[in-house]
Amino acid sequence: TTEDGKKVITVAISDEVNPPFLYADDNNEPIGYDMDYLKEVEKKLEDYHFEYVWGEEEANLVGVDTGKYDFAINWFFKNPEREEKFLYPEQEFGYSLTSLVTQPNRDDIKTLEDMVGKKLAPMSPSGGLRTILNSYNKNNPDEQIDIESIEFPSNADNLERVNDGKDDAMFINVTTFNAVQKELDLNLKVAGIVSKEPVYTVFNKEHTELAKEFDDVTKELIEDGTLPDLAEKWFEVNFFENLDYINEENYKFNP
Amino acid sequence: MPIINFEFAIEQIPEVLKGVPITLAIAVVAMVFGLIFGLLIALCRIYRVPILNRLFIIYISFIRGTPLLVQLYVFFYGVPVLLEKMNQSFGTAYNADHISPLLYAFIAFTINVSAYQAEIMRASLNAVQIGQMEAAHSVGMTTFQALKRIVLPQAFLVALPNLGNTFIGLIKATSLAFAVKVVEVMALAKIIANDGYHFLEMYLVAALIYWLICWLLEVLFTYIEAKMRNKEIKQKKMNTTISKDVPLRV
Amino acid sequence: MILLKHIHKKFKNNHVLKGIDLEVSKGDVVTIIGPSGSGKTTLLRCVNYLEKPDEGTISIHDLTIQTKKPVKKDILQLRRRTAMVFQHYNLFENKTVLENVTEGLIVAQKKSKKMAREIGIDILTKVGLADKINAYPQQLSGGQKQRVGIARALALNPDVILFDEPTSALDPEMVGEVLEIIREIASGGVTMMIVTHEIDFAREVSNRVVFMDDGQIIEQGPPDDILIHPKQERTRKFLKRIMKEPDFTI
Amino acid sequence: MILLKHIHKKFKNNHVLKGIDLEVSKGDVVTIIGPSGSGKTTLLRCVNYLEKPDEGTISIHDLTIQTKKPVKKDILQLRRRTAMVFQHYNLFENKTVLENVTEGLIVAQKKSKKMAREIGIDILTKVGLADKINAYPQQLSGGQKQRVGIARALALNPDVILFDEPTSALDPEMVGEVLEIIREIASGGVTMMIVTHEIDFAREVSNRVVFMDDGQIIEQGPPDDILIHPKQERTRKFLKRIMKEPDFTI
Amino acid sequence: MSVVNDWFSLFIQVLDKLPITLFMLLISLVCSLVLGVAIAIIRIKRFKVIYQIATFYLSFCRSTPLLVQLFLVYFGLPQLLLAFQIDINSMDRMIFVLISLSLHNAAYLSEVVRSAYLAVGEDQFEAAYSVGMTYTQALWRVVLPQAFVLSLPNLGNNIIELLKDTSLAFTIGIIDIMGQVRIILGNNHGIGMFEIYVVISLIYWGTCILIEMVISTLEKVLKKGKVSLSKS
């Protein structure tokens, strides 16, 4: 797999797009924070040439698993079970800020604990948000949060359900909420940021070396300010800072 | 490091099996009612019942033409809106949230399948010689009696393999019901897979379970078909001369 | 008993029946002879409305059908008063020999199963098929099928029986027996219309012979008149082969 | 030419052919008569191996088939040397009358389309179907179908033609014409086996008559011997109806 | 990001991918027809050994999700072949999709074909044999044409299902009409779902109407004098 000397690395990118991390422009070319990040990495790793392949998230993971793809990028969260199966770099390349969104007048919901016995909008069976909830439930066997599963949940629809009082809260990525809110302008607020989840690329188990190189490069990119700049560009906030800072620095979720 | 973690897969089988009753429920309900509606539609089309014929041509086209997912959504999102409107205009207090998603699935799947069944039945009714209907008329049967006693039993034999196709397709299509919160085999597999990204394992488990169900169906269908074919056409040489005796190929 | 007035039938451009008028009294046995393609089968099928005539009226007894605006209930009545033996037998493929015979009795005439069975076995024995009652049509020889067809019609014991070449597949022995049976039921007052090619049979069985050609009735009368001293040139030509060889039996 | 040795055929428990030995020389026209269900059709179908005999050998010319271990290529050869007129016509439903006749010429005999067409039209004209060449079988009357069947077999111009009741649906006029045609091709050296119920026809067309009953050949010989002075009691009984009424034509 | 509110541009965006969808439909239809007929005949004639294989294949491809088959072909097959030193990983993804679709659909089609084949009377074979045709000739010239007409409504069902199945190509990144829809939906966080599903439904429906028109024309043209039950 060479082409003018470079090693071709096949990157699976998730076609369940998720702006501004990763989405498609009008020509269906991938753009977003993830892509800018990968471009920077590619610049630094001169021996490699990245080739991108769209694919469904599950399929991408299977592809990485079987070695068809070298690594996959989306906003993959890390947990011990996944680390058994895939190779994660040590250094995250960004964060997902997860939050609970409620009606503005609710002040009984701030953290996940508050959701016990309340109604959460239905969630996708896969994806990072789901994983956070699952691990919460695993760690709190006596205080389970009820999770309803649905395939292809619609964020807009779910937020409307909360808006109409059908559900108590929705567990959602802050960036996503902001984007939807811009369009719908619902009577909702971010009740609390639940976590700042590091996100990773996911490698095939064999690629220890590549993952190592990625770690080094990513660290460099954070230190020299490239990634924080990109974060500002796409998310309007440098999420490499800590949560308190983010909250203070008027990260623009609803007042 | 094996790609597939079999141990994990086997451990999860009982969990996924819990989805089987839902899968079967949707498939069987849709199959049975779909067949009844489908048959009625096919008859209306064959006999060119005025208005109904045209109507059903459009119905079949529309139902087959639009994605099942969309049909599910229409009920899932449409019914609550409708109920709300009704509540407003009539002062009633129906709560759409109390309607089980399973009910939406039953309705949407039945409607969807009926369109396909209609075509299956039309094809098989056409395969019956017209002489059979004439003979039934000549002994004084009404068209309904003739259909029931003479024509349909023969048509059914022709339809069987296609009905088998539909049933098996339906078993797998039930996974779409997940889009309206109905959790069946595939959905369970996906939910379990997510924590450790065990998609490969869980898909295989789901595939095996589907296969098992479908295999049982195949056995059943083959049995019915063999039985009917034997009864009707005991010596029909389709099974003897043509198939076994002299496969003449030069 | 049977009164056909001005029956016309076209298949596309093919004008097959060109205004047939025919009267048959109760208990009469009328044979219809004529060249192949002259419309004999079509005429017979028009009588019980298996073929919808384009014009004309059909009356049986007090029941009259205007073919231009037929009443559904009347058609059923018409068919219940008539029975038909088809040129191609048209046996019910999915029923045994006995069931073929009893089906009409049970379904249309609402006879009890036991009684239907008795009638069936009786009549099947008469046509020499007592040992085949549990066979399916596909397992029968041509002549056996034809006899089942005859038995099926006779069992109904209708006012009118329409025979379309009922002896075409029968050997001389069998023809003799069928002749006996027909005579027997004719003496019971059943009216019959028989299309046949066997001139001898026509002569022996009927009290009137109708000669058709090209969709029209050319002449009719008592068998001896028509078959031995035909008036029309066309009839004479048709019968020539038989007439010119007076020595051909023994 | 044709040599059948010790042909046995059972359908389940029904022993239909009980050891048939028959020899037919080139150019011979043999008719087979016998009561319904005696195995005539089955015998004919065994000759070209549409029915697989359980025992015995079939030879045509130098080609011999051991029915216990048939060679596929030989069966094809056998079928290419023979042609058959079926009791139930068996026309190709999806082909026009002309195509029914030309199909074998083009596909099996590799004749050019143009030539096949000429032969087809010629032969169809002979049987009086020139105006029906573009009709489909379902649009034909019984006699017309039968004539297409005859034309299809004749067009192949094979060594042997097997006729299964070729005149059952034909009127006396047509029977005469078919008789002419058969005589004509017989004089060309074609061997024929004809199953028929029409004793007169048998007498006129054949130079040997075989009488079968219950799966066995009871007697055989020149037509006048068998049909007028049968030796066996069974044969006499079979022919009784015809013999006892010497006066029945003119 | 795409403008969701503009129906016209939505339509254009999705329609743009219709050729890809149709391409997949046509190619896999032709392949699966050929394979389906073969399977049907093998099963009807019960050829030794391959009968078992065909039945197994039928059962597997019919009974497991198309997604799983696609995974097997796309991820599994290259690995398997790699063991034999054959590298097909670089092959166009489209080929894997076409293979999976064909294999999957052939299983269903084989049953469609089988039922129609059996519905054509045995007498048609006998007639063909009697004029000296071989089995293959009888099959192609006499039996299959009649079976084809009988199976047309079922074939319509099948083609339409196949049309919908092509959307699975998006799983491995081929953007067909459904894929385009999913991308637009994702780009907009699921806003405008209603409009988008209306658009995709209309496009699918339009394609179906085309398919149905072809099928019903064929039914009329190929009827060849056959009288159906309803003539009265």
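Which chain is which? They are A, B, C, D and E, in the order written, and residues in each are numbered from 1.
The rule we apply is simple: contacts are C-beta pairs under 8 Å (C-beta built on N, C-alpha and C of every residue); 3 or more make two chains touch, one makes a residue touch a chain.
All values reported here derive from a predicted model rather than from experimental measurement.
What shortest step count links chain B and chain C in the network of chain contacts?
1
Going chain by chain, each one touching the next, work out the least steps from chain A to chain B.
1
Would you identify the chain whose Cα-based centre sits farthest away from the centre of chain B?
Farthest by centroid: D.
From the C-alpha centres, identify the chain that is farthest from chain C.
Taking each chain's C-alpha mean as its centre, the farthest from chain C is A.
Can you give the whole-Å distance between the Cα centres of chain A and chain D?
Comparing mean C-alpha positions, chain D is 82 Å from chain A.
Just how far, in Å, is the C-alpha centre of chain E from the one of chain D?
Roughly 46 Å, centre to centre.
Using mean CA coordinates as chain centres, what's the gap between chain C and chain D in Å?
Measuring from centre to centre gives 27 Å for this pair.
Residues touching two or more other chains, restricted to chain B: which are they?
Answer for chain B, listing residues that touch two or more other chains: 200, 203, 235-236, 241, 247-250.
Mind pulling the residue numbers of chain E that touch at least two other chains?
Chain E, residues with two or more chain partners: 71, 129, 134, 227.
Which parts of chain C, given as residue numbers and ranges, touch two or more other chains?
Chain C, residues with two or more chain partners: 50, 88, 139.
Enumerate the contact residues on chain C facing chain D in the complex.
My answer: residues 11, 33-37, 41-42, 87-88, 128, 139-144, 147, 164-165, 168-176, 197, 199-200, 203-204, 228, 237-243, 245-246, 248-250.
Mind listing the chain E positions that touch chain A in their complex?
Residues of chain E touching chain A: 1-2, 71, 74-76, 78-79, 89, 93, 170-175, 179-180, 182-183, 186-193.
Where on chain B does chain E make contact in their complex?
These residues of chain B touch chain E: 46-48, 61-62, 64-68, 70, 73, 116, 119-120, 122-128, 130, 133, 151, 158-162, 164-166, 168-169, 171-172, 175, 186, 200, 203-204, 206-208, 210-211, 213-215, 218, 236-238, 241-244, 247-250.
Where on chain B is chain A touching in the complex?
Against chain A, chain B makes touches at 1, 3, 5, 77, 97, 176, 178-181, 183, 187, 190-191, 193-200, 203.
Sort out for me which residues of chain E touch chain B in the complex.
Touching chain B: residues 44-47, 59-60, 62-68, 71, 108, 111-112, 114-116, 118-119, 122, 125, 129, 134-136, 150-154, 156-158, 160-161, 164, 178, 197, 200-201, 204-209, 212, 227-231 of chain E.
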